[in-house]
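Each chain gets a letter, A, B, C, D and E, in the order it is written, and its residues are counted from 1.
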Amino acid sequence: MVLNWFLFLAAVLFCTGVYGVLARKNGVLVLMSVELILNAVNLNLVAFGAFNQTVTGQIFALFVIAIAAAEVGVGLAIVLLIYRNRQSVDLTGIDALKG
Amino acid sequence: MNDILVHWGLSLAIFLPIAGAALLLLIPKENELFIKQVALATTIVTAAVGVWLLVKFDYKHTGRLQFPVNKSWIEIINSRYHIGIDGLSLPLLALSMFICILCVIYSWDHFPEPHNPKAFLALILLLETGMNGTFIAQDLILFFVFFELVLLPMYFMIGVWGGVNRQYASIKFFLFTLFGSALMILGFLALYFRAGHTFDIPTLIDNASRMLPHNSEVWIFAALFMGFAIKVPMFPFHTWLPDAHTEAPTVGSVILAAILLKLGTYGFVRIALPILPDAAHTWAPWIGLLAVIGIIYGALGCLAQRDLKRLIAFSSVAHMGFVMLGIATLTSFGINAAIFGMVAHGLITGMLFFTAGSIGERYGTREMSRLGGLLIQAPKLGWILGFCCMASLGLPGLAGFWGEFPAILSAFNPANGLSVTTFRVYMVVASIGTVLAAGYLLWMFQRVAFGEPKEEFAHEHIHDVHGPEWLAWTPMLVLILVLGVFPGLMFKITDGAVSNIAHALAVVGR
Amino acid sequence: MLGQNIAFGVIALIMMMAAVQVVTSTNVVRAALSLVIVLAGVAAQYILLAAEFTAVVQVMVYIGAVVVLFLFGIMLTRARIGHESDLDNSNKIPAFIVSFTLFVLLIALLRDAFGRQKIHVAAPSNTAQIGTAIFSTYLVPFEVASVLLLAALVGAIVLARRD
Amino acid sequence: MLRFAAASLAAAGSGAFHQPVIDYHAFAPEIVLTGVLMIVLVADLIVPEDRKVWVTNIAGIGVLASLIPIITLAVSGHDRSMFGGAYVVDHFSLVFKGLFIATGYVVLLMSTNYVADGDYYEGEYSFLLLASILGMVVMASSRDLITIFVALEMLSLPAYMLAGWRKRDPKSNEAALKYYLLGVLSSAVMLYGMSLIFGTTGTTVLADIGSYLSQQGGTPPLVTVALLMIVLGFAFKVSAVPFHFWAPDTYEGAPTPVAAFLSVASKTAGFVALIEILYVGFLSNNNVWGPLCWVLAALSMTVGNLIALRQTNIVRMLAYSSIAQAGYILVPFAVAGANSHALVTAQKASALYLLVYTAMNLGAFAVVIAVARKTRSGEISSYGGLFSYAPGLTLLMSAFMFSLAGIPPLGGWFAKLFMFSAALDAGTRPAIVLAVIAGVNSVIALFYYASVAREMWMSPVPDGDVTPIRVPPALATALGITVLLTVAVGVYPTLFARMADVTVLARL
Amino acid sequence: MLDHAWIIPLIPVVSFFLILFFGKRFPSKGASIGCVALGICFALSLVLGAQWIGRDKTIEPLHHATAQQVRAAESGRASSAQGGEAGGEKVEMKRAPVVHETTWFQTGGIKIKAGVLIDGLSVALLVVVSTISLLVHIFSTEYLRDDRRKTHYFAALSLFTSGMFILVTSSNTLQMIFGWELMGLCSFMLIGHWWEDKNNSNAALKAFFTTRTGDIGLLVGISMLFGLAHNTFDIGRINSLAMSGRLDQGLLTVAAAALLLAVIGKSAQFPLHTWLPDAMAGPTPVSALIHAATMVVAGVFLISRLYGVFWQGFHIGTANGFTPVAIVGGVTIIIAAALAFVQSDIKKVLAYSTVSQLGYMVMALGVGGWTAAVFHLFTHAFFKACLFLGAGSVAHSGSHHSFDMKEDMGGLKKHMPITYATFVIASLALAGIIPFAGFWSKDEILVSAHANGYNTFLWVGLVGALMTAAYMTRCIYLTFHGEARGAAAHHHPHESPLPITGPLVFLAVLSVVAGFVQAPMLHIEAFANIVEPAYVSSVVNHSGFNGGLALAGLIAAFAGIGIAGGYYFRNLGPRGLTSRNGAARAGYTFLVNKYYLDDIYTDGVVGSIKGPIARAAYWINQNVIDGVLNGAAALAIMLGRFTYDIVDQRIVDGAVNGLGLSAEAGGGALRTVQTGKVQQYAAILFGALIVFAVALWRFAK
C-alpha cells in the first residue's frame, strides 16, 4: 500500500472537517466536523506508525481518541449551556462579544 | 562619619528624597503641616548632603570621578550600580537639589487645585530622586532608569494639578519622551553588544570608539540623539514642551524647565559625545542646524503667544538651541558654554515660570492682553519679572549671557573636522536669535508690566511678593547675578571634565 | 496486496462520501449517522494498517460513546429530526475556498514528501508492545489523561446540569 | 545520553514488561498537586454549603505545599531526564513549575471572594483550576510530542469550562464557546502537524526529532508546514495575531479571575511549550520559525496595541494588551537564530519577560476585580476619580499599568530591556527592525496604559459615589504579592534575572 | 590712581546697589548717594587724567612700521631701505598704556581675563563721562525732585554711568560687551522711566531693540575677532595683530563690517538712527547723558578702540576716497541735519543734531581722522549736554514740561537769561563758530578728510556745518525769541534754580574752553599728544592747521546762521529777528552783502531745505526707514504667528497629533475584523495557516 493513499484520505477528511467547521451553523454539527478532523489526524498517525514500523503512532492515536472523547463531552456541555440560555444552538447568532 | 559619607553621600542624595516620599505616604492626609515640614526637611537634608559634597569635592581634579561607588547590580547584563560625580554633574546635581527646596517652599501656601499636598510633595521628592540619580549615574542602565523615573511624577503633576488641557498635555509629554527613550535604550543596548558587553560609561568612553565601526557609531548616535533631543527638546521634537509647560502647575513648570530639560543636554555631553566621538563629528552639523533653527523658531513662536507661560515655554526652545549649538561645536569652549547655559537657563527660566505662576495666580489669567501695569500694582514682582527677562535675553552680567555668547563664540571655530563655513553661518543666525529674544521678552514685559492696569483688575488688590516667594526666589536671583558676574565659579568646575570630553573628540577630529 | 489495495479504495470512497454527507446533510441525524460510517471506515483502515487494538478502541470510543453523545446532544438541543434547511451559515463559499485550498496545499506537500513510498505492514498483534509502552515510556501522559478525563467529567457535569 | 526512542521501544517490545524505575522526587510536585486535586474534590463533597471558602483555602494551601518539592528539587540541583528524554526535570522546568504554581495560588486568592460572591460552584472551580495548573506543571517538563499534547489538553479543557463558569450569563457562555471551538480547532491543526513530524522523523521525542532534523540539513517543505501547524497551535494559546481572536471575547466574557488566569498562566504555558519545541526539537529549522515568529511578533505587537487604543472596557483592553505583550515575548524567538550567543540571550529574555509579565498582569487584573466589587462595571470610564476615594488601589493600578508599559523602575521595563537586548544581541537587520517596531509599539501602548492612569488620577468620579473600596484580605494578599514583585524586579532585576539565567534549554 | 583705575567703574556700581536697596530711606530718595558717588568718580578721573599726563613717554609708535616690515618681508619685497626709512623717521614717544588684568575665568583651556586698560582714550572718556554724569546727576536732583520713582531713576543713572565706565576702561572686548549692554539696559529703563504711557515704553523698547539689532554685529564681530586673534579678547593684541596684517583679510573685513553694524545701531547711524529721537521720551537729563557722554558715543568709542581692525579691515589708510565707515557717517550727517529742520520738539531737534554730530565722528574715523573724531566726541559732549540740559531747563521752568517749540515756547529770553546765554554759547559751539569748542574739533575733522584724500567727505562736512548752524538758529529763535506761545505765555516762566543753572553755566564754560586743548592754529596739540595711543599714532598722520579749511568751515557756519536768521527775519515782518538777534542779523547781512542773495535764492535754498526736501526726508524717515523698522517688527510678529499657527500647530504638532489619530483610526479599522462570529475567526485561522504555509514554503526554498 502506498503511504500517500492514507495520507490523502486523511487530508480529505481533514479538509472536509474544516469545511464543516466553517460552514455549519448548528453547534452539534460543528462538533461533528471537529471529530472528522481529529480522525484525519488519527489516520495519519496510525499510517505513519505503520510506515515507520513503530507503535508510537498507535499510542499517539490512542491518546488522541481518549482526549477527543473528553473534548466532545466538554464541547457538548458548552453547547448545552448555550442552548439553555438562548434556546438555540445557532452559532452565527452568538456575537455579543466583539470589537 | 566622613568615610560613610564619602561612600554613601551620593547614594543618600539619590535615595533620601524617595525615602522622604515614602514617609509622606505614611502620614495621614489631614496632617498637612507635618507633611509639608517633612517634605521640606527631606529636601533640606538632601541639599545638606549636596553641600557637603560641594565642600568635599576636589576642585583640582574636576575631570575625575569623585565619590565613586561601583557595586554589582544586574549581573546578568553586567550592569552595575556605578555612581560618581565630576565637574560635569556637580553643577547640575547642585541645581537640582537647590531647585527642589525652593519648589517646596514656594508651594507652601499655594498648592494648585486639587490641593492634596501629600501627593504633590511626594511627587516632587520622587522627581528629585530621578533627577539626582540621572546626574550621578555612571552606568547606562542606571542612567536610563533614573532618566525615565522622572516621567511618571511629572506626568501626574501635569495631569492632576495642571490647567484646562492638562490631560492632553500630560500624555503628550509622556508619549514624546517615551518614544525618545525607547530608541535611546536601543542605542544603549547596541553599545553594550558592539562595544565590549558593558554599560559602564567610563569604560565605554575608553573603548567604544575603538571597537565600533564608523557606520555603527553613526546609527547608535542617531538612536541616542532621538532620546536626548526629544528631552531637550530640539526642533522639531519640541511640540510637547509648550503644552506641558502651559498646563503644568507652577512648580511643575519650574522643575521641568530648570532640570528636566537638562537631562537631555546632559545626556549628550555625558554619553553621546564622549562615547561616540566619531559619530558626533558626523552629526554635529545637523545638530547645529536643528539648534539654530530652534533658536529662530522658538523666538518666532514666542512672538505669536498670547499666554505668558506659553511664551516662556517657547523661549526654552530657543535657549536650549543655544545650548545645543554650543554642544554641536564639539569644542571644549562650546561645551562649557552649554553646561553654563543649562544651569543659567535652569535658574532664569525657572524664575520666569515662578513669576509667571505668581502673576497668573494673582490675576487669575496669564493672557497678556488682559494684563498690564504690574509695576504699579505689584512693583517688586514686576521688577523681578523684568530682571528675569533681562537675564533671559542674555544681558551680560547676568547668568544667561554665559550660555549664549560663548556658544556663538565657539561656533566661529568649531572642532577640527567640522565645516567652518557651516558653523559660521550658524553663528550669525544664532546672533540674530539674540535680537529676537530681546524682542519677545521686552514685548512681553511691556505688555505685562508697563502701562496702567487694565480696567478689570484696576481696583483689585494685587498682593506683592510675599514671604515664601521671597524665600524661594531670592537665592535664585542672587545666583543669576553672581554667576553672571563670576562665571568662573561654574567654568572652574566644568572645565576639567569638559576638557576630557573635548580631548576625546579632538582625537577623532584629527 | 491487491486485496488490501482494493479494500482501501472501496472503504476510502465510502468514507469520503460519508464525510461529505456529514458536512452537507440537511438532516442532523443523517449527518450523525454518516459520521458513524466515517468512523467505522477509519477503524477499517486501522485494521488494514495492522492496528487492530486501535481499531477496536476506535469503534468502542467513537461509535460506542462519542456518536451516542452526539445523538444525545441532538436530542437535548431539540433539533428537528427531519429536514432542516438552514443548517449552514452564509459562509459556505469562503469555507469551501479555504478548505479546498488547504486540501490542494496538503496534497502537494504530501506528494512532494512521500511520493509513492510504500507501507510494509508488519506482523499484526503488537498490542503487548502498546501496553508496555503506555505503562513505561508514556506513563506520565497516561496518568495525566486520567486526571483529564476526571476533570472533563466534573466540569462537564457542572456546566451541563440545571441549577 | 538520549537513546533513540524506537530502539528502546523495540527492546521493550521484545521482552516482558519491566516496571519502569520512577524517580518519585522528580514527580513530587505533580503528585502533590494531584493529591490536592483529589482532596479538594472530596472536600467539596463534605464541606457544607456556607463554608465553601474552606475548599478554596485548602486548594490554596495545597498549591503552596506543592512548591516545597520544587524547592527541594531546585536545591538538589542536577537535571533529571526520564523515559528516554520524554520527561525532564531541570532548572527550566522547575522555574516555570514554580511560576505556574505561584500563579495558581494568586489566581486562587483573586477568585476566593469573586466566586463566593457570585454564587458559582466553588469546589469544582478550585478543582478545575488546579487541574489546569497540573497540566501546566506537566507541560514544563514535557519533551515529547505526546506528553506535550496531553499536557496541553490537560491545561486547556478545564480552562474552557472555567471560561463558561458564570453559567447564567450568556456572555460567559459565548466566551467558553469561542475559546473551546477555536482551541479545539487549533489543537487539531497542531496534532496534524505533529503527525506529519512523527511521520517524517519516526519519533515523538523532541531531542530525537532535533537530532534527526539537524542531520537532514535544510528543512523540507512538509516539515516547514508541519512546524507551522504546531506553532499555530501554541500561537493560539499565547494569543498571537492572527490567532488571537478568541482572547478579547473570552477575557471579557469569562469570570475576571479566569481571564487573569488565561492571560497569564495559559499564555505562559503556551510559550513554555514553544520554547521546548522550537529550541529542543527544531533548533536546526530556525530558518523557518525565526521568520514566522518575526511576523507573529510584529503583527501581535502592532495589531494588539492599535486595537487596544480603541477599547473602553478595561478587561478587553487588557486582553489586547496581553496580545501585544505576547508580541514582545515573541521577539526573542524571532531573533534567536542569528548566532549562538543570541540564542542564549533570547531564551533568557523570553523567560524573564514571562516571569515579570505574570506578576504585573495578574496585579492589573486583581485591581480590576477589586474595583469592580464597587463599581460593578468593566468600563474604563468607571475608573474616573479613583484616586480621590481609593488612592491605594490607584497607586497599585498605576504601578501595574506603567510596568506593563515598560516605564522604569517598574518590573516591566527590565523585561522589555531584555527583550530589546536579545534583538540587539542578534544584531541582524531584521532583528533591529523588529526592535524598532517594538520600540514604537511600546510608545503606542503607553497611550492606553496611561489613559487608564489618566482616568483614575485626573477625571472626576462619574457617579459621584466616593465610598471607599473595601478590599478583602485574599485579594489584598494577591495585590501585595504582585506589586511587591513588580517593583522589586524593577529596582533589583537580578532577582528574576538569575532565574531566567538558568532556563536556557538549548545547549550548544 | 593709574594702577587702581578699576575703582572708578566700581563706584557707580556700588552706588547702584546702595540706591536700590537703601535709597528709599534717604530724604533725597537716593539722589545724594548718586551725586556723591559721581563726585568721587569725577575727582578720581581728574586725578587719573593728571597722572596720565604726568606719565613718562616710554614707547615708540612703531607697531605699524614693524608690521609693515613684516608684511614686506612676507611678501618677498623686503626692502631694507624702506625699513630704514621707517625706522629713521623721527618718532614721537608715547605713553605706555597701563593694563591691569586678572584671570576672570578659564574655559576650554583658555584663560579669559578681566581688567582695565588705561590710556589716553580711556582717560579722556573717563573725564568726559564723569563730568557730564556728575552734572546730570546734579541737574536731576532738581529736575526730578518729585518723581515717584526717583530712587529707580538715580539707581539706573548710576548703573548707566558705570556701564560707560566699564566700556571705556575695558582691556578686552568681552568686558566691552558688558558695558555696552549694561548701557542698553539702563537706556531701556531710563527712556521708559515713565512707562505708564505706552508711547514711552514703546520708545524704550524701540531703543533697546534697535541697538540690540546692531548687537548682532557686535556679537558676531567680537566672536570673529576672538577666533581670528587666536582665542583672545585682549584689545591690545587684537589691534596689533590686525595692524600686522597677518590676519585673514577677508574675515577681518567681515568682522569690521559686523562691528560697524553694532556702531550703526548704538551710535544711531543711518539707517538705524530712528530710535534716538524716540528716546526723547525719557527724562531730559537722561537724554543729555545718553547723547553727550554715554550710549551713543559708545559706538564711536568702539571704532576708535578697535581702530586697528577698522583701519586694516576697511583699508582706511589706502582707500580711494571712500570707506564704508565714512559713507555711513557722511550720509548720517546730511540726513539727520535735514531732519532737524522740521522738528517742532526742541529735544528732537537736538536729537537729530546729535545723530548728525555722531555722523561727523564716525565719518572722521572713516577718513582716518582718529584724533579728530575723539576730539569731536570730547567737545561735543560738553556743548550737547549743555543744550539738552538747557532744553530741560526750559521745559522745567519755562514751558511747563512741554518741549514743543512752536506751541509752548517763544520769547523766553527775558525770563531765563542764564539758560538763554548758555544755550546760545553751546549752539555757537555746535555750529562751529570760532573760538567755541565745536570749531576746533570740526575743523580737525575737515582737515583730516582733506589731508587723507577724502574730498567728498570734506564737502559733506561743510554742508553739514551749514545746516547745523541753520537749524540751531531756528531752534534758538523759536525757543527764546518771538512771541510767547502756549505754556510759555500762560505759566509764568522763570529762571531755573541753581542745581539746573549751575551745570548749565559750567558746561557753557567748557563749551568755550574745551576746544583749546587741540588747536593746531595756535600750535597746541595737547589732545593728540595725550590721547592718541601708540598704535593709532603709527598710522594716522596729522597735517596741522589749514587756514583755508578753517575759513571754509566758518563761512559755512555763518552762512547757515545767516540763511536761517534771514528766513525767520523775513517771515516775522517788522518785528523780525534782526531787531532782536544780533548774530542772526549779522549773518543775514553778511550773506546779503557777500553774495547779494535775493529772495528767490533765499526761498529757493532755505525754502527747499526747509520745505520739500526736509519734509520729504522726514516723510521718508517716518514712513520708510522707521517704517522698515516697525515693519520688520511687525513682520517678525507676523512671521512668529505664521510659524506658530501654521508651522508649529498645524504641521509639526499636526504631524504628531496626526500620527496619534491615524494610530487610533488604524485601531478602529482593525477592530472591525473582530466581528464576534466564531466561525469567521476560525476561517481567518485557517486562512492565515494557508498564507503562512505558502509564504514559508516559498521562503524556505
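To be clear about the criterion, a residue touches a chain if its C-beta (ideal position, glycine included) is under 8 Å from a C-beta of that chain, and two chains touch if they have at least 3 such contacts.
Note that the structure is a prediction, hence the values are computed from the model and not measured.
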item	value
Shared chain contacts [subunit A and subunit C, defined touch]	D, E
Most distant chain from subunit A by Cα centroid	E
D-E compared against A-E, more contacting pairs	D-E
Farthest-lying chain, centroid of Cα atoms versus that of subunit C	E
Subunit B and subunit C: spacing of chain centres that average the CA atoms, whole Å	71
Cα-centroid distance, subunit C relative to subunit E, in whole angstrom	104
Interchain centroid distance [CA atoms averaged], subunit A/subunit D, Å	26
Centroid distance [mean C-alpha coordinates] between subunit D and subunit C, Å	31
Residues within subunit B bordering two or more other chains	175
Residues of subunit E touching at least two other chains	660, 671, 674, 676, 678-679, 682-683, 686, 689, 693, 697
Junction residues of subunit A - those touching two or more other chains	7, 14, 17-18, 21-23, 25, 27, 30, 47, 49, 51, 53, 55-56, 59, 63, 67, 70-71, 74, 77-79, 81, 91-92, 94-99
Contacting chain pairs - touch in the sense defined above	A-C, A-D, A-E, B-D, B-E, C-D, C-E, D-E
Residue ranges of subunit B in contact with subunit E within the complex	172, 175-176, 236, 238-239, 297, 299-305, 314, 331-337, 373, 375-376, 390, 395-397, 401, 405-406, 408-413, 427-428, 431-432, 434-436, 438-440, 442-443, 446, 449-452, 486-489, 491-492, 494-495, 498-499, 502
Contact set on subunit C toward subunit E in their complex	89, 91, 94-95, 98-99, 101-102, 105, 109
Interface residues, subunit E side, partner subunit D - complex	660, 663-664, 666-668, 670-671, 673-674, 676, 678, 681-682, 684-686, 688-689, 692-693, 696-697, 699-701
Complex interface listing, subunit C residues touching subunit A	1, 4-5, 8, 12, 15-16, 19-20, 22-23, 28, 31-32, 35, 38-39, 42, 45-46, 48-51, 53-54, 57-58, 61-62, 65-66, 69-70, 72-74, 76-79, 86-92, 94-96, 98-100, 102-103, 106-107, 110-111, 114-122, 126, 129-130, 133-134, 138, 141-142, 145, 148-149, 152-153, 155-157, 159-160, 162
Sites on subunit A touched by subunit D in the complex	7, 14, 17, 21, 27, 30, 34, 37-38, 40-41, 44-45, 47-49, 51-57, 59-60, 63-64, 67, 70-71, 74-75, 77-79, 81-82, 85-86, 91, 94-99
